[in-house]
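Okay, so subunit A shows up in both of these, paired with subunit B first and subunit C after.
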Partner chain A sequence: MTKPKELLEDAPGKTLLLLANEAIARGVLEAGVRLVALYPGTPSSEIGNNLTFMAPHIPNFYFEFSTNEKVALEVAGAAAVAGVRSMMVCKGPGLNVAADPFFSLAYVGVRGGMVIVVADDPSMWSSQNENDSRYYALMGNMPLMEPSDPAEAKSMLLEAYEFSEKVELPVLFRTTTRVNHTRAPVRFHEIRERPAQVEFEKEPYRFVPVPSVARLRHPWLLGQIAKAREISETSHLNFIEGTGDLGIITSGVAYTYVVEALDHLGMNAEILKLGITHPLPEQKLTDFLRMHERVVVVEELEPYLETHARRLAQLHRVEVDILGKEQGYFSRTMEYSPRIVIEALCKIADCNTCINWDEIDSRMKDMADLPPRPPLLCAGCPHRASYFAIRTATRGKAIYPSDIGCYTLSIAPPLETADILFDMGSSISTACGIAQVTGQDIVASVGDSTFFASVLPGLVNAVYNKHPVSLVVLDNRTTAMTGHQPHPGTGITGMQEQVEPLDVEDVAKGLGVKYVKTINPFDSLAGLVREVREMVKWVRENHEPAVLVSKAPCALLTAAEMRKTGEYPPRFYVDSDMCTACKRCLNRLSCPAMYLDSVTDKAVIDEPLCNYCGTCVAVCPQGAIKQEE
Partner chain B sequence: MTSNTRNTTVINIAITGVGGQGVLTLAEILAKSALEDSHNVRVGEIHGMAQRGGHVVCTVRIGENAKGPIIDPGTAHLVVGFEPVETLREIHLISKGGLVIMNSHVQYPVVVSMGKAEYPSKEEIHDALTMHTAKIIEFNAIELANNAGNSLSMNIVMLGAILASGIVPIKKETALHVVQTTFPSKFVDVNTKAFELGYQAISDSL
Partner chain C sequence: MEKTYNILFAGVGGQGLMLLSAVLGKAAVDAGLDVMTGETHGLAQRSGSIYVHFRIGKPISPLIPYGSADMLIAMEATEALRYIEYLKDDGVVIMSKNIMHPVAETKAVALDKTRKTKYYTLSAVEEQLRKVTSRVIALDSLGLAIQAGNARTENSVLIGAAAACPDFPISSEDLKNAVLSLVPPKTRDANAKAFELGTEAGTACLQ
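Moving on, here comes the complex of A and B:
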């Protein structure tokens, strides 16, 4: 509930309880950043969610929700080339989308400070992979910083801008979910002013990397990284604390687990905490290795620091045992915890943990299986109606390529309408691939935000190459999954200005799709089923793509609107006299607001949970589900 | 505090429930109150896909040595459950001698509504909980929230309950003040009542 307004306060010294994401949004002000561009992605979402409401109140500041991460990086990169401080923000997989400009940006460099915030997601709380973005810094030769907690997320961000300007390179600022979504006290500092405008000074033989230019820029880049390494050697962001025979090298949130683990065990160790993890302070690291017989490396995901430590030990002939993932002390998957560090340290030091975790684990195992409660489409979600119709129209027999958003949750029974997914925008393109090699009907689905972000090239491909695929665009008027950010179809910008929205139907037609229709999924469920059936038939006959736009606002938006106005439609209920307990509503629709009453054995609607969509009414063969007059 | 809790200067509170029940809000209010009373604090949250009506767990850690957001199994002084099965799902977090405060009102997972899985009985849940700790307080927090005037105030009922447990080093007035200043003024009456009802319920059963 920290409000964007609080983040705007010119109150140095004030301490607020902030998520690292909120601290980064505040850091944008304190660093004098002139432009931020991003595409929302959990766990980074709250950065943009706050900036968009702060933006209209900050003089000389521009914020946008770009159509996708590649666009965002180009917008922000160019602003930094022009000479102002800028920022781009994305989640781990988002940096993959922006990989193309990422590499060029390092070659040409920047004039104003630039930071690229990338939020990795160990344990994949809300991502399709847990790739370790630190390797981008290594491959692209970009400086890399890793904060450990919310306070450091802000203080380190300010240093990242200084660093960026010293070496004329963007800085990759890598967080992880447990940093982004941890709340801690964060102290405010002065707000820095931003220039109204700068002059773009032409320097094409730097900023246009045609081969002859790029050949000169690559050695330049390596030279800048050498300079950056000197800074890294003496930076206080790479510090040593504690004393002991055992050495521990760590970075990011794992550092906090190390400190807590040592505390728990009452164990002594010398910790090398690395804030700048590319370029590494090689001298400092090598000296650290020399000072210890055994060094444990604690880092989540890939053995990035570990591999560097081994490389340096070999290079400088240091006799040291480096203990980490290679020997199996730590895992390359999932996030860590103090426990994981404690257990590894106990294995290494041959001691006992103070808590008998094996006993707790076995107690949990003995417990009867609990009914799972995975995330679900909300009560009243328009996607539930759409997927019910898609499944009914195709009798569950078509192939259902899915995409990235809340609607991927349709993977679960009873909807089961997600068969293949790679990345943002893959719905339409995977549909094409399957269509070419199978004779099966294909109904792909994608949300509105993802449609604009990544489906357009795939749709052009489908039109031009005449792929027989049906695409349902689930237009719920927002980017729901990441917290309801606007997108080009909504008519609101990142600056909170009203603009002309783009219409999915018009865009699809403009791209050459001949069959395009828009329907409200709540108008008539039977009508929706008919529409899907018709589209699939048309695709079969015409052998080219068709688009059906299923358009109704996200249930959470509708619910918020009702709460605000206090106006609710008449309630929905199950007439228990008419209900035969066939459970069709529960088994085919599974709206979380409905359940079977354990006493009467009849279906019931849990009133406070119901969002008044009315979809269940048409599913009941008895007409037992009714709306009050 | 018993000797086998890690780090005697950190109080660990795990809050578990269903997305949409107000778990995140409670964690934040609790932590804000701790900060207001000059304590160091960390909150661990999970956002995004996990929030959509699924199981949610938040952590609040109060004390100088709290660095990261995670509460390991066997180290929570207090587990606050918004729903019986969700309490059971996180019961491994409780420390020896730790306290469980649980709302007894059941919210069926969809697999149960669909008849594909069974919801454990009251006795089964109670027995399983007591395998981990003897200190369990169960009460109908939804009913109290309704009595306060709004079922959505259940998380504030739970806040009152937490304060009454005496486990957190936060003054009652501080928590009440944070509640009253965080939400729009039209909710002050409901929330104050919800807080007091929760506080009373736990004071009576301690």
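Moving on, here comes the complex of A and C:
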């Protein structure tokens, strides 16, 4: 709950309770970063959410919400090539989007320091996979750092820029959800000034990797990584602490669980904590392996450090038992916790803990009948009306390719309008694939931010190759899922400047879509159903793509506006005399503001939760849901 | 502080859990105590179940080990049960009596034509909690908030109740100051009153 204003304060020595994401936003100032470009993605979102409100107050600083991660990496990479410090931020899958420039950037290198923050998501709290981005560093030959907590997120970031400039390579700065969303005291340091402008010095035979250039750059890159390894060997970011026969190698947030577990068990061990995990300090690591008969490797997700440890042990003929995922002591899925590490260490050291796991597990079994509370579309969400209409118009029989955003929550009953999803932008392209091999109607859906981020090439593909698909663009005027960032359709930039917004309808028409309409989903639910039906019919007859833009602001934006002005529309209520307890509203909409009165068995609207969309009014066959005059 | 005091906050996205955690964080830092929290952000904000691990004293990791929470503060009653594995034996539970029925539950109740499926009740929550602890402070937080003059001061009621616990590591005065410095200025009086009502009710429950 730290305000962006507080992060701007030129107050060295001041200590604030910060999320690691807020600490990184502060670090941008202290490292003298000139440009930051990103596309929002949880768990990294709060970095951009703070920087956008800090940016207008920072001299010689530029921040943008780029249209997608590939664009962001190219913008930030070029700034670092030009000679200033820059940063790109993304979530794990975002780095996949930016993979193409990522590899080239390592070949050409940078003149100013550059950091690529990538936030992985073990347990997939808000992602479609939990792939381990550390392998990008290995594959792309880019230095890699992993902070463990908010204070380290900032201090290590400052070192990452120094490191980057020493080896002329971007540094991959890898966090995980648990680090991003940990809050702890962080101490402020001096703010570093940024240059107003630099001169771009031409050096095409370095920065244009045509084959003849790239062939020279690859050995250069390997040489830089060798230099980086020397730095890693002596860096204080790779340190040893504690004493004991047992050795433990760890990195990231897992380090904190190791310390907690040892403290809890009263166990002694020597810990090698790695902050620079590529290139690894191979000498230091090998020496560490030599000093112990048994070494445990504790790291979330893939056995990245573990495999390196085994490689080094084999290479240098070290007799050591390396214990980790290969023997099943740790899992390759889901985030870790103190319990997981305590249990594994107990097994390895053959000792006991005072915690009675059986008793605790039996408690959880007692709770088996507790109804689950997964995230769902908010009360008043325009997507609920849109999906109700899509489902009704197609009688649930069409194929519904989905995309990445809040609207993917339409997978749940009763809306059930998400059938296939790969990645950002896959709605339109998967629709094309399905259209070619089935005869079924296809209604794909995508949000406005994702439309600009990743749908445009797929839509051009659909137009040019004449794919018979319907696309509904759910334009809620923001990037809702990640916390309401602006995008090219909103008219606000990352610098908080007003600009001309791009209009989804105009863009679709410009790309050659012949059937494009815009409708407000709250105007008339029956009208919306009719529009979807008409579009599907048109596509069937004309055998080419059509676009319907369903445009109404995110319910959270509307609710915030009402709170600000204090002006609320008349309330909605269920007229219990007219309600026949058919429960159609509850079964067909699943609105979190509606529940069943256990006594009367009739529907009730929870007034404080209602966001006044009125969608339920049209769903009631009795006309029992009304709005006060 | 020699020992780490662990609090698990639980609630439903949109209830203001993050602000509650920020209030306590400020109070702890102002009292010179070290703090570490593990929070839920993002997707789970959409009416989903959310939590904050809040550790004061000598926190090492952001997550409370199972069975080690000294206190569980739930802004919704069934959410107290969802995280029961974290509570230590005889730890304190401070919870709102309010139950927000998840949509999935409403649907199950609505679809059962025999009307045998019932909503989870407060007494069922209390019965389950009693298996782990006798120290349960169940508050009509909304009623007390309205009594304090503002329905949106429920969180201050809950924080006020925490101050009623004798082993709570932050003084009642520090807590109250933190609440009053972070709430909107025009709601300060109502929040102060809500805090006091929470402390009174909490003290009564623990006796």
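As a working rule, the second predicted complex is superposed on the first by the 626 of 629 C-alpha atoms of A that agree within 3 Å, B and C clash if a C-alpha of one lies under 4 Å from a C-alpha of the other, contacts with A are read in each partner's own complex, and residues count from 1 in each chain.
We take it that a residue touches a chain if its C-beta (ideal position, glycine included) is under 8 Å from a C-beta of that chain, and two chains touch if they have at least 3 such contacts.
These numbers come from a predicted model, not from an experiment.
Undergrad: Judging by the criteria at the top, classify the pair subunit B and subunit C on subunit A as clash or fit.
TA: The answer is clash.
Undergrad: For A:Met367, using the defined touch cut-off, is the partner it touches subunit B, subunit C, both, or neither? Pick first, second, both or neither.
TA: A:Met367: touches subunit B and subunit C.
Undergrad: Once the shared chain is lined up, is A:Tyr257 touching subunit B (first), subunit C (second), both, or neither of them?
TA: In the superposed model, A:Tyr257 contacts both subunit B and subunit C.
Undergrad: By the touch definition at the top of the document, which applies to A:Leu222: first (subunit B), second (subunit C), both, or neither?
TA: A:Leu222: touches no partner chain.
Undergrad: Figure out whether A:Leu315 sits in contact with subunit B (first) or subunit C (second), or with both, or with neither.
TA: neither
Undergrad: Check whether A:Asp601 is in contact with subunit B, with subunit C, with both or with neither, and answer first, second, both or neither.
TA: A:Asp601: touches subunit C, not subunit B.
Undergrad: Figure out whether A:Thr15 sits in contact with subunit B (first) or subunit C (second), or with both, or with neither.
TA: both
Undergrad: Across the two complexes, find the residues of subunit A that touch subunit B and also touch subunit C.
TA: Looking at subunit A, the two contact sets intersect at 1, 15, 17, 19, 42-43, 45-46, 125-126, 149, 178, 181-185, 253, 256-257, 259-260, 263-264, 337-339, 342, 355-357, 360-361, 363-364, 366-367, 370-379, 406, 409, 413-414, 481-483, 583, 586-587, 590, 592, 594-596, 608.
Undergrad: Which residues of subunit B touch subunit A in their complex?
TA: 4, 6-7, 18-19, 25, 27-29, 31-32, 35, 40-55, 65, 67-70, 72-75, 85-86, 88-89, 91-92, 108-120, 124, 128, 131-132, 151, 182
Undergrad: Taking the complex as given, what residues does subunit C use to touch subunit A?
TA: The touching residues are 12-14, 18-19, 21-22, 25-26, 29, 34-49, 59-68, 78-79, 81-82, 84-85, 100-111, 115, 118-120, 128, 131-132, 151, 182.
Undergrad: Once bound in the complex, which stretches of subunit A touch subunit C?
TA: Within the complex, subunit A touches subunit C at residues 1, 15, 17, 19, 42-43, 45-46, 125-126, 149, 178, 181-185, 253, 256-257, 259-260, 263-264, 337-339, 342, 355-357, 359-361, 363-364, 366-367, 370-379, 406, 409, 413-414, 481-483, 583, 586-587, 590-592, 594-596, 598, 601, 608-609.
Undergrad: What does subunit A use to touch subunit B in their complex?
TA: 1, 15, 17, 19, 42-43, 45-46, 125-126, 149, 177-178, 181-185, 253, 256-257, 259-260, 263-264, 337-339, 342, 354-357, 360-361, 363-364, 366-379, 406, 409, 413-414, 481-483, 583, 586-587, 590, 592, 594-596, 608
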